[in-house]
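You will see two complexes here that share chain A, one where it goes with chain B and one where it goes with chain C.
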Partner chain A sequence: MTTLDHHASVRPVPNPSKSLITKLNMGTGLVVGVIFALATYYGLGGDSAGVFENYNRTLLATMFMWSIGFMVGIGAFIGPFRWLVGKDLTDEEQLYLAGDGQGIKRYFKYCTDHKVVGIQYMVGVMALLGVGGTMAMMIRTNLIQPGSKFVGPTIYNSLVGLHGITMIIAMIIVVTGPFGNFIMPIMIGAADMAFPRLNALSWWVLFTAIPVLCSAWFLGGIPTGWTAYAPLSIQAGPGMNAFIATIIIFAVSTAVAGANITATVVAMRAKGMKWNRVPIFVVGATMSVALAIPAFPTFMVSMIMTGLDRSYATTFFDANLGGSGWLYAHLFWIMGHPEVYVILIPGVAVLMEIAPVFVRKPLFSYNAAIAGFAGITGLSILVWAHHMYMSGWMPMLNGPFMVTTEMISVPTGLIFLVILGTLWRGRPWMKLPMLGVYAFLWNFLIGGITGLYLSDVPADNYLHGSMYVTAHFHYTLMGAALTGALAGLAYWFPKMTGRMLNERAGYISFWLVQIGFQVLFLGMFIAGAEGQPRRVADYSVNFATSDLISSIGAYMIGLGMIVLLWAVIHSWRHGKIAPMNPWGSKTLEWTVPYPVPLVNFDTPPVVTSDPYGYGKAGN
Partner chain B sequence: MSDDHGLVEMEPTPGEKLAAIFKQREVRVATAWGVLVTAIFFVIGGWIYPSWMPTAMSTDMKSIERLIVIFTWISAPVCGIVLGFSIYTFLHRHKGDTPPADGPGFRTNSLVVGLWVIVSSALCLVAVVYGLIEMNSASAATAEHKKNAMVVEVTGSQWAWSFNYPEQGVQSHELMLPINRPVEFKIISVDVNHSFWPVQLGVKVDANRLQTTVIDTTPNKLGDIDVKCAELCGLYHAYMETSGKVMSADDFNTWVTAHQGGHTA
Partner chain C sequence: MSGDTRFHVHHDAPIQVGRRERLGVRLLIVADGAFVFGMIFSYFYLRNLNANNGWIPEGGHTLSAMSGWVSVFPLIIAAITHRIAMKSGNAFKNIAPITFVVLLVGLYLQWKQLAHMPFQVDGEAEGEKIFGFEGAYASSWVLIAGANMFHYILGAFVALGVALRSRRNDLNAVLEFWRQRTVGSWLTWIAISGIACAITTSII
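Take a look at the complex of A and B:
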């Protein structure tokens, strides 16, 4: 990658016009992917056999071959193929892949520039949130009154499951995708990610999962929720294959992205950026992906086993033939609980990055912040069976899992301390990103405290499987993590698009979403406390009031998100031109102009302190 | 612990440092906000959950109610600290299009961090110990119940509950229980996972294929029970519910006699 060290302006736009890579883009990827998929589907006999296992086998193979075909068609394997024959891409081709000077076209190519990948992730996340949010609106519309009058139970159950998995995927990448790729390398003074081609790979592999996930609708939906518990998942119709394939493809993408981000932070920090000078956002993002690296493979494995049970009649999860549904539950939650912290930690880290800038004070107790993240990361792998208190699996282990779960409240408390200590005795500048910090404090407080009830085994006897659980995790994942991500959007929008986000629309959206959120999920806490099970298409009339309240709140969120979408699109095209450092921040990404040059920095930066040197009277 | 040495040159003790912190006006105002918030959460916590939750019809449900109230009280000061300080700083916000002047440059305060860790650990410990005590008394009750419990075999299937009373020789799709007699539920599924939830009794456990799970309770109040499924089990999960009743011993015997040897609807 030495060729990338040249200054952008002295380099002519590369045009290796004879090379195959100039001919390939998303369009060729789609064509080859569809050809691969069709060939596989009809090669294996389509659904003509009519046998459950055969059909599942055909569908799974079709979906994987679509993904592989797309990656072939977009040119992902040109480099590895050259390695096989003992060569590599030429310098000119590498520069071409970086996309410099190719304008909007590079966003539809296998582009290795981390800034392009960041924008691709951002648009992808917005699309996923839009789809998942639309499903949420349909769920709440169905629950607005008893009787399931909007959609029937088949569609409702699919909505619940696909809303869940769409949002989980979106939330896993919502911070580390756009900001982890676009901002983080600049923040640590690097020219790009450690492995730019793997970076492009992680995005485009993820992209191929999206049509696969959508195909679930056309294959009859999924009846299992996103937890996909066996044996229900074994019994489920062909739509389940789409779920399985999505998770396996997504796990490949996150493994690649996680390794890449970790390697970048470990190996490519600017000169002088010792570990105690790394911005807290970078620390949080790294811990999050490092936690994902061991967590997601178990989800992938559980899905491979589910796929085998369904398409080769193995019996991993079939109790009738010696398997165990609890085995699945374990594999799922060994991923599932770390995963919520994979989502949460980057969102919190964004807010910790924002708070010092807008209060003009140093981050309070950097070490406590690290200890908080590390404590959560470490403990989160020891708590999974609190999701199984009521499964009957092993009641005598409920006590130990209750202890580890409640211990998480101590490092979580440190996160509150760091943010409150940063605010304390400052005068917070109430711009949109700073409002997110306050919304987080309230939402995460409610999410954390309601988690305390759920972690307690006797109380969980009542609350488990009820709407209370749904409300609780929406407070943590949406109220805390998504709020952090949206604050990050408002904060880094000027650097990513060169324009300021429309403030008035931003405020309107913020208040609509946050107030609607409280109405929705406080209403849902009531429904849960009243005894309404979760994931029900219909409910008895005594829950009608709380469900109506929830649905009204949901529409407010929907409206607020539409306003935000308008603000993003409008500001991106017509917004006020942003100065280089609109917030007066001290991190490195604000020292580079817009558009950010290909290698980010003219001269590699040298770091002499952490980025929190705000405030009078020095240390 | 700090009042017995008055030399000015001496390093102030943690107690003195703490006292100095509380002499600052902003700390006192923020604390006042915190006390207000704590009081609000304390009062709300005392009645709001019990007012939402259905009538407790067993000691298990009663202790869950009590536990939730106590946890709300434990959480009230946490809410007070977080929200008190949040409200204070929010009220002192800076408006305008330019950043405010730099604030004080302190980077940490080991006393505050230490105190924070100790207090949060102590609150966590209280929650853990209280939960363990409750679990222990529940399992003690279970051991006690074993002696004279009435067994009800519960079968979950897509999408109905059925109940078998081996002692009485009765099968039913409604859950009928005599008051004040311990009951032991033995739960199994014939297909996918379900979760047996007689709401007002405050117990719950999954119904698994080929693995019997057992829970017990003692109904202690007459009235209707809602039996629901708390684990997504496919198409008609929402409709997998039935009703039940806690009745006097005489009424229960009458019901048994009327239904012996045949199914009820």
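Take a look at the complex of A and C:
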């Protein structure tokens, strides 16, 4: 039900300020969440006299009850309860939930306005990237020279695991969170998301996962890396419960957000916006979340099994009693590999959206771009076992999985060709967003080609578990997807904040990050090819030079990100006022003024041409 | 940030809203389907692997093939009664509560099965009671039964919702009709999922 929809029963509340909805906010959520958590913890016997299973059970229940309590306290269940008893929310109450006239307070409430949710996601993503990035700096500081004692091996292991999972979560939502919520509905001419309350739910549920994940530090950390392989994860200390609860909560948020974004695009496009007129960013974001819908539940199953093994002594992953570590690896990677594309596709789609605008040419072969995305999406569910070549599981299937993995380079190549074709003989307007397109081409070329070596069974035999793998996936996830997200930030910042992003600071940040990135990960490729294992706190002096170079690169990235953070905060407060359409783009989001009205468009738009008709007669 | 401009009332047609809600529920069913697939995949994977003969360890218990079906029948009946209620016009408000009650009975049966399963291994450590499970079959059975119970709870919630709403709201309103259809989609799905799980646990 949207904010704007008509209800079967309209019973206006004479004074909505008397409604419970108006009393609830983030503060009440925190209070109720803490009360629920404490009641659960002490109700189940605290640390349960140190019995492993009982303590894990108590901790898991406490974490879930915190999340449920927070959602109760912020008012997330008022809508479902009112639906249950047949007293739907009135127009006035829905208007209140949409944050009408509440200024900055609406950012701390269960607000259903998609633009508010987009900003909430943006701030949340920046916080997650900041925390994950700080952990990366600590990892690289420890690796600056062999024998470093900056952190001990136990803390190092936890740093690696928490950095991994924090960044994975941040990267999954880095594009579809802020831009998928704020920009995408306007881009398709919709007045709102299909399910505004679910939209708020997806953000606030995710929000409850953040303190849960942070609690891992106080519970002994997670020593397993972000993959949390069983049986390591079964034997790990209490911090592992935080990992399990985080993933389960995050999977709920992802499923809800995925269904919402997909339904919005399928059912709420403006009149005249046929499928071949849908902006490529919208197509990419939708394919990404549609892929996440079936992918994440299998990860959730594996986490529930891990939780049960730890807290109820089931035996899913205990080989002595019929369990199998391979089962975990399957369930994890059936999600894990599509997840790479869940991250990658929206970032690439942002760059495809940007390129035509800044070269003033149509997107080269829109249909090839769709085919590329569809091919990647389809093949991504058939490649998971290439992560298990060296696990000993079914060596006879290594060949077929090698073929499917290498086949995925075909649709990926299409994506490359679409961007190159768009740039071909164009006269690029070299503004900040456009730099991201070129950075992507360089980074993803390296990330893609090095991936081919890892898909090859004999080469993987040597490279598996080395720093080479770490460098490869950072080139794809950070070099391509994060580059796309940052380009998107520069591109849509004027629409989201009403101000232009400080260009000089943006350029400085871009070059610091991109040069630092090459220094860091090219150095890591060398160390990995020479045999340095990943996830190890110390290393041989043979790798000292490569690691020193890598750490210098990491500090450059850190510095660049601080400059970017400053640019965002400063520009948001004091930046140059942005015109309505600073880039001269043809998509719908640039036709609405800032501040964007609550229902986006005064009159529902009608689309009569494709969004990339630059330089065509009649456009 | 978006501005505090005034609200314009702009209502979508109920049929559009209804279709959109049904699409949303169907997408969530896809997610739930992946979850159910993950459980069934795990069941057969562990069964066929039978690591260290631990699928059903020596002296371990099993449940009869019928046991999974006992708690699935109410799901099937609920899906059917809801469909009958929808076709019965104004009698909907009289039949809808039956769906809810059937689901409550199923929930009770499923809880009873879980509470009385035979494969618990009780013990004691540090003065605290602990328990475990006999092997991979027992573990997989518990997971599937737990998921079934979760389906029952969600099913009972939406069934109660349509039953209560049918007494307050105009049954002939387009949006109410679409909501009943959407609830029907969910009830049908959980029945299908229950059948798939029952078939799975029948193969011991």
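Quick note on the criterion: the second predicted complex is superposed on the first by the 598 of 619 C-alpha atoms of A that agree within 3 Å, B and C clash if a C-alpha of one lies under 4 Å from a C-alpha of the other, contacts with A are read in each partner's own complex, and residues count from 1 in each chain.
Heads up, the rule we're going with is that contacts are C-beta pairs under 8 Å (C-beta built on N, C-alpha and C of every residue); 3 or more make two chains touch, one makes a residue touch a chain.
In this text, all values refer to a predicted model and were calculated from it rather than measured experimentally.
*Asks:* Would chain B and chain C fit next to each other on chain A once aligned, or clash?
*Replies:* The answer is fit.
*Asks:* May I ask you to decide whether A:297 touches chain B, chain C, both, or neither, giving the answer as first, second, both or neither?
*Replies:* Touch partner of A:297: chain C, not chain B.
*Asks:* Scan A:54 for contacts with chain B and chain C and give back first, second, both or neither.
*Replies:* second
*Asks:* Quick one: is A:320 in contact with chain B, with chain C, with both, or with neither? Answer first, second, both or neither.
*Replies:* It touches chain B and chain C both.
*Asks:* With both complexes superposed on chain A, which partner does A:229 reach: first (chain B), second (chain C), both or neither?
*Replies:* first
*Asks:* Give one of first, second, both or neither to describe whether A:42 is in contact with chain B, with chain C, with both, or with none.
*Replies:* The answer is neither, since A:42 touches no partner chain.
*Asks:* Counting only touches as set out at the top, which of chain B and chain C does A:458 meet: first, second, both, neither?
*Replies:* The answer is first: A:458 touches chain B but not chain C.
*Asks:* Quick check on the superposed pair: does A:258 touch chain B, chain C, both, or neither? Answer first, second, both or neither.
*Replies:* After superposing on A, A:258 lies in contact with chain C but is clear of chain B.
*Asks:* With the two complexes superposed on chain A, say which partner A:218 touches: chain B (first), chain C (second), both, or neither.
*Replies:* So A:218 meets neither chain B nor chain C here.
*Asks:* So if I take every C-alpha atom in chain B and every one in chain C after superposing, what is the smallest distance between them in Å?
*Replies:* 8 Å.
*Asks:* With the touch criterion stated at the top, can you tell me which chain A residues are shared between the chain B interface and the chain C interface?
*Replies:* On chain A, the overlap between the chain B and chain C contacts is residues 319-320, 326.
*Asks:* Mind listing the chain A positions that touch chain B in their complex?
*Replies:* These residues of chain A touch chain B: 148, 153-154, 157, 160, 223-225, 227, 229, 231-232, 235, 319-320, 325-326, 358-368, 390-392, 398-399, 402-403, 406-407, 409-410, 413-414, 416-417, 420-421, 423-430, 438, 441-442, 445, 449, 452-453, 456-459, 461-462, 464-466, 526, 529-531, 533-540, 583-584, 612, 614-619.
*Asks:* Taking the complex as given, what residues does chain B use to touch chain A?
*Replies:* Going through chain B, the ones touching chain A are 26, 49, 52-54, 60-61, 63-64, 67-68, 71, 75, 78-79, 81-83, 85-86, 89-90, 92-96, 99-109, 112-113, 116-117, 120-121, 123-124, 127-128, 131-132, 134-135, 138, 187, 191-193, 195, 197, 199, 202-206, 208-211, 213-214, 226, 228-239, 241.
*Asks:* Help me check something: in the complex, which residues belonging to chain C touch chain A?
*Replies:* For this pair, the touching residues of chain C are 1-12, 14, 16-17, 19-21, 23-24, 27-28, 30-35, 37-39, 41-42, 45-46, 49-57, 121, 125-128, 130-140, 142-143, 157, 160-161, 164-165, 167-170, 173, 175-176.
*Asks:* Please give the residue numbers of chain A that touch chain C in the complex, ascending.
*Replies:* Where chain A meets chain C, its residues are 1-2, 4-9, 45, 48-51, 53-54, 80, 83-87, 91, 95, 98, 100-103, 113, 115-116, 119, 191, 194-195, 198, 255-256, 258-260, 262-263, 266-268, 293-298, 300-302, 304-305, 308-309, 312-316, 318-324, 326-327, 330-331, 334, 496-498, 594-599, 602, 604.
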